[in-house]
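The two complexes that follow have subunit A in common; it is paired with subunit B in the first and with subunit C in the second.
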Partner chain A sequence: MIEVGENILFYLPAVPLGTALLAFGIRSRRMVEVVHFAGISSVALLSLLLVQYVLRGQTLLALDGMLYADGLTALLVLIIGVVGFLDGFYSIGYLRHDLAQGQVDAKGACFYYGFYHLLLLTMVLAAISNNIAIMWVAIEATTLGSAFLVGFYKHKTAAEAVWKYVLICSVGLAFALYGTILTYSSAFAVVQDAHRAMLWTELVGMARGLDPQVMKLAFVFILIGYGAKVGLVPMHTWLPDTYSEAPSPVSALLSGVLMKCVLFGILRYYPITLQAVGKEFPQTLLLIFGLLSVGVAAFFILVQNDIKRKLAYSSVEHVGIIATGLGAGGPLGILAALFHVINHSLTKSLLFCTVGNVARKYGTRDAQKIRGMLKVAPFTGFMFMAGLLAVVGAPPFSIFVSEFMTLAAGLQGGYFWPMILFLVLLVIVFVAFIILISDTVLGFPPEDLPRGDAGWLCLLPLGILFLLMAGLGIHVPAPLNQLLQGAVSVVLGGK
Partner chain B sequence: MIWYALGSILLPVLGSPLVLFLPERHVKKASQIFSFLAFTSGLLLLIAFAFNRASFTRELVTLNGINYYGVTIDTLSVLVNFMVVFLGWLICTYSAGYMSPDNKEHPIKEGVPRFYALMLLFIGSMAGVVFSSTLLGLLFFFEMTGLCSWGLIGFYGDQKSRNSALWAIILTHTAALGLYVATAYLYVNTGSFSVTALNKLTDAGKTIAFTGILIACWGKSAQLPFHPWLPRAMVAPTPVSAYLHAASMVKVGVYIFARTVLATGSVPQVIGQAGAIMAVVTMIYGFIMYFPQDDMKRLLAYSTITQLSYIFLAISISIYGSRMAFNGAVAHIFNHAFAKGLFFLVAGTLSYTTGTRLLSRLKGILNKIPVVGLGYIAAAMAIAGVPPFNGFFSKFMIIISGFEIGRHYPLILALIIVTVIESVGSFIWFLKWMGANVLGAPSEVVASAAEPPLAIKFVLAVLMIMTLISQYIVLFLLS
Partner chain C sequence: MSGTSVVNALAVLLILTSMLVVETRKLRRAAYMYSIQSLVLVAIFLSLAVFMQAEPLYIWSITALITKTFLVPYLIIRTLKTVGNQEEEGPALETSSSIFLAVGLVALSFVIVEPFHMHAVLKLKVALAVSIAHFLLGLLCILARRNALKQILGYCLMENGSHLTLAIMAYNAPETVEIGILTDAVFAVLIMTIIARRLFKVFGTLDTDKFTLLKG
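Take a look at the complex of A and B:
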């Protein structure tokens, strides 16, 4: 094993930055694919390396405490590395199709890969920054980086979606900035040191001394601000447009990884608020936002016709489930939420990538027109079915486990009726997606549609995601378990 | 012994993805081999258990000190598992004949690997339910069987089958919420998923947990108000109906109820009351619905609903302290599976050979296709509870124990009297159809019937024997 120590905190952002610059400079399709693949593989390997350090019990600090990695960081970096790799892998096959069709030229592809890595860079920065202001900047930067990817096809509808996305998320992030400043000012009043009052590690240590009133306000701002970007209801309105207009692998990255980065922004404030104002306030707030998101999304999932919009609303629903888990609180609730974060990343990435194949095959995303997927494209159809079953929490897939844990945590927290409501809402989602499978995957395809699946480049990443998703439902490997437990104690106590 | 139990679960589960990737011509063979191996495991377990009678529980999946899944070997699980894998194998064998282009009602030309993959997964999941020592395991496999049944009921793929399949999965999943709540509630209050942990709950806690369990069981066993999925599910290929809607899927409900009641020393009587009342209400409803049915399979579906009510009633009575009622329930789970499985397969053979299963068009079956006629007689007599067929023994145990408990509880007495009346009524109704369909000169469709394949005849013969002897297996193990 190579010993890189805390230098890994420099390598992690440096690799995507270098890859992005290279990609922007290249004009050949073949070259840029090689560079891209090397880039995503290196980030994935570095993320595994970081996880290994953290599992050994190390917390890494670098650059005068500005960069930091603990259990929670490692979990997020793992998601960025692994899911980012798989989505990036899928992008290769996806873009080759566009190139072959002439929709995109080699320059466009280089542009795509460049921004892909810029987005990875900003996400990694958001994950490893210990300075709450830098974290805010990084999260804001993810909006800009991803905006280019969302509007990649330059359609009119895509432009509108990007506009909505940037506008709402930026307004939201302005709220988060207030929250950040409030936290800073209340910390500054305690330590009288501008540098220390910015560092998360310091904030957690002094959280008990912070002004509870100010911190309540700060948490509300943070929750609304970052909440807008993760898509909590009622700040979610940009999300369905953005997710459905973006190229499929980008939707997968947005829902699977970016959303989690922003969510971890909220999670960083959770232990501070917990200690400053007690658990009642943040938990109630999260529970309300959580159930509201699940509830509103459930009905929208039922009535949408565009399968990508359905999946987008499903992302809102799952953010709601994660928030419900956090709201239920306690070690079990936090564990449920964090495990759900992993499961949702894998499952939603699988689904969005699959939809990429489906939409190309049928030339539409309209659920009323797609029929008999299992007969037309068996592998894609099977993956779509498995992904949808997983997303509604059917065993043996991993979301079954984390949803069940959320339920148990809620009952443990004494929220009996809210949890019954939660279950009823989940049944609505279940019904919506089961009907979708019944209509689109099963049954008989249109006569004139040629049979045949997408190329292996567009299938292999799906297979890997499927195996991960199904595997975690049956068995959680010991290192991941340890990592999760570590992350839970970070969220609960900041250690 | 633990390996025999795991064999029953894992062999079919492993076989399931395998048949999807095999060349189509090997699929039927392979699925028969896998289901036969599972059956062998079940049979060996039955024999081993009959000799040493050692009940035990082994924890298998444990994480962070919490047991998530374990295997319980006792009379209940050994018996029911034997039924599950035995019928599973018989149905796979029968399907080898039935799922063919020669089928008059539904010529099958494609989808055979999908059928067997789901069927094998179903057998494994059923065994998973049966052996589970934890509520979480029960819930997990409960949902797995639901998913498989969805694929199997909607097998033909037309709009009607797909809608019927939706009914099945949506209703049973909705009911399953009860089990979700019960499982989470148990875990939160006792820190364990083990079924035996139900004992540690307070009486109020037990009532909450058992209410949830009962709701889930009603859903899966097609009791009021969750029953509408079962008659609709009759669009499934008949081997599927024979397996899911006679032997396995609908038995998940009663099995979970039996397992949890058995594991809990004292269940609040209010659960017994609710269970018994709903059982008899369902029984009356199912009985009334016999009369308008002309489709043989739909008649059988309603008959299944009422027979499951008998089992619910018996388990509910056992909550009042009757060991015999519980044994009667176990015996009825076992006996009914063979009798109703046979009945469905008779219906299937009739549609295979004649192309119809409308009761009014079938006459003189015995004359034209004797093996089917004899099967019809055996199945009808067993379901109606006529000695020496197996249904008589279990129904007798249930009714006798009902009268015994009824001496102290007027409610139970009233319910058991209704049950006796229903029993007589359904006897008359089945006798009527048996006379009309089996005896006499063949009607036009029956006269033109083709000869059923050997696989089908073999399975019918085995099941006929089982309707005569299955009760002795139960009685021997329960003794």
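Take a look at the complex of A and C:
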């Protein structure tokens, strides 16, 4: 085994940065694909390496405490590495199709890959930064880094979507900056040391001494600010537009990975707030936002016709479920939320990538016009069905397990009626997606539609995502379990 | 005049200039107003630096001068050259009611800062309240105005507000933090203006009420 130690905290951002710069400089399609593939593979390998260190019980610190990795970091970096790899892999086949159709030229493809790695860079930085202000800077940079990818197509609708995306997320993040400043200043009042008062590791240690009034306000600002960017209702209005107008692999990356990075920003404030103001305040807020998101999303999933928008609202729903788990609290609630984060990343990436294939085959995203997917493109159709079954929480897929845990944690926490509501809302979503399956996957395809699936480049990543998703529903491997337990204790106590 | 009263007086001036940014209908002029208001912000940084012996704020005032007084207005005006000098149309909020709202926001901000007992903040509570009011005023500008470029200016106002809060509560923070936040702010404005130009190209207008292709 290669021993890189703390240096891995430098390699992790350095690799996507280097790859991005290279991609921006290249003008050949073949070359940029090689560079891109090497880049995503290296990030995936480095993420596994980081997980290995953390599992050995190490917490890594570098650059005077500015960069840091514990169990929670490792979990997030693992998602960035693995799902980032698979979405990136799918991008290759997806873009080749656009290139062949003449929708995109080689230069456009190079920019796509360049920005893809720039986005990976900002997400990695958000994950490993121990300084809460730098974390904010990195999260704001994820919006800016992904703007090009969201507005990749030159449609009118894409321009409208990217405008809403950048404006609403930037405004939201301005609130999070306030939360960050408030946290810092109340910590500075305690330690009188500017450097230490910004480090998350220090903040957790002194959380009991922080001014509870100020920390309550700070948490509200953080939840509104970062909450806007994860898509909690009522700050979610940009999300369905953005996810539906972005290229499918980008939607997969935004929903599967970027959303989780921002969510982990909220998670970093959870133990601080828990200790500074007690569990009642943060948990109640999270529960309200969580249930509200699940409720509003359930309604929109039911009435939408555009399958990609349905999936976008499903992302709002799942962020709501994660927030509900955090709101239920306790070790079980946190474990449920974190496990759900992984499950949702895999499942939603699978679904968005699959929709990429579907929309190309049928030339539409209208659920009323897509019929008989299993007959037209069997592999894609099967993946779509499996993904939808998984996303509504049907066993044996992993979301079933984490939703069940969320419910149990809520009941354990004494939230009886909220959990009944939660269950009713999940049933509504269940019905909505079962209807979608019976309409689109089954049934008879249009006569004139030629049979045949997408190329292997657009199918293999789906297969891998499916195996991971199905595997986790049956058995959670011991190292992942250990990683999850470690992350739970970070969220609960900061250790 | 004591240091705090200078800062507090300048803070009030800041609110007045931001009202001008919000109320000016011609966008080129609004961009100049923003430039002036950033100059007031720089003056506040300087006076804080002098009166509170806050050395880092000298550097902040230089960076703010470059980015906010010149760079950001330049980006807006450069965009105006492509899209034509925009004038806001339609019945926006009446000036009297927006002044009324602004007063309300200032009052709200004073309520928000009430629980703050931190030593550094006590003397500058007025300025702190103004900074938060300023932030909310920017938000109001985004919500109440329909022109995309005006909304960008609203975002810049929010940004100036949070920058002032940062200067009051966290001027001693590590330098990397301020650099990071400013860089983000400039890039955010740059990217928003690029998108605005694209919007103008495909829609032929910057009226955000006309961008209604995506619904539900």
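Throughout what follows, the second predicted complex is superposed on the first by the 495 of 495 C-alpha atoms of A that agree within 3 Å, B and C clash if a C-alpha of one lies under 4 Å from a C-alpha of the other, contacts with A are read in each partner's own complex, and residues count from 1 in each chain.
The definition used in the following text is that a contact is a pair of C-beta atoms (placed from the backbone, for glycine too) under 8 Å apart; a residue touches a chain by one contact, two chains touch by 3 or more.
The shown structure was predicted, so the numbers you read here are calculated from the model rather than taken from an experiment.
By the document's definition of touching, neither partner reaches A:L274: not subunit B, not subunit C.
When the shared chain is aligned, subunit B comes close enough to touch A:L411, but subunit C does not.
More residues of subunit A lie in contact with C than with the other chain of the pair subunit B and subunit C. In the superposed model, A:I420 lies in contact with subunit B only, and not with subunit C.
Contact with neither subunit B nor subunit C is seen for A:I222 once the two complexes are overlaid on the shared chain. In the superposition on chain A, A:P396 makes contact with subunit B only, while subunit C stays out of contact range.
In the superposition on chain A, A:L144 makes contact with subunit C only, while subunit B stays out of contact range. Residue overlap on subunit A between the subunit B contacts of one complex and the subunit C contacts of the other is empty. Per the touch definition, subunit B reaches subunit A in the complex via residues 61, 63-64, 136, 139-141, 143-144, 147, 150, 154, 157-159, 162-163, 165-166, 169-170, 173-174, 177, 180-181, 183-185, 187-188.
Subunit A makes touch with subunit B in their complex at residues 372, 389, 394-396, 400, 404, 407-408, 411-412, 419-420, 423-424, 427, 430-431, 434-435, 438-439, 442-444, 475-476, 481, 485. Those residues of subunit C that touch subunit A in the shared complex are 112, 115-121, 132, 135, 139, 142, 148, 151, 155, 158-159, 162, 165-166, 169-170, 172-174, 176-177, 180-181, 183-184, 187-188, 191-192, 195-196, 198-199, 202-203, 208, 211, 213-214, 216.
The touching residues of subunit A, when paired with subunit C in their complex, are 66, 131, 133-134, 136-137, 140-141, 143-144, 147, 151, 154, 156-157, 159-164, 166-167, 170-171, 174, 177-178, 181-182, 184-186, 188-189, 194-195, 198, 211, 213-214, 217, 240-241, 244-245, 300, 303-304, 309.
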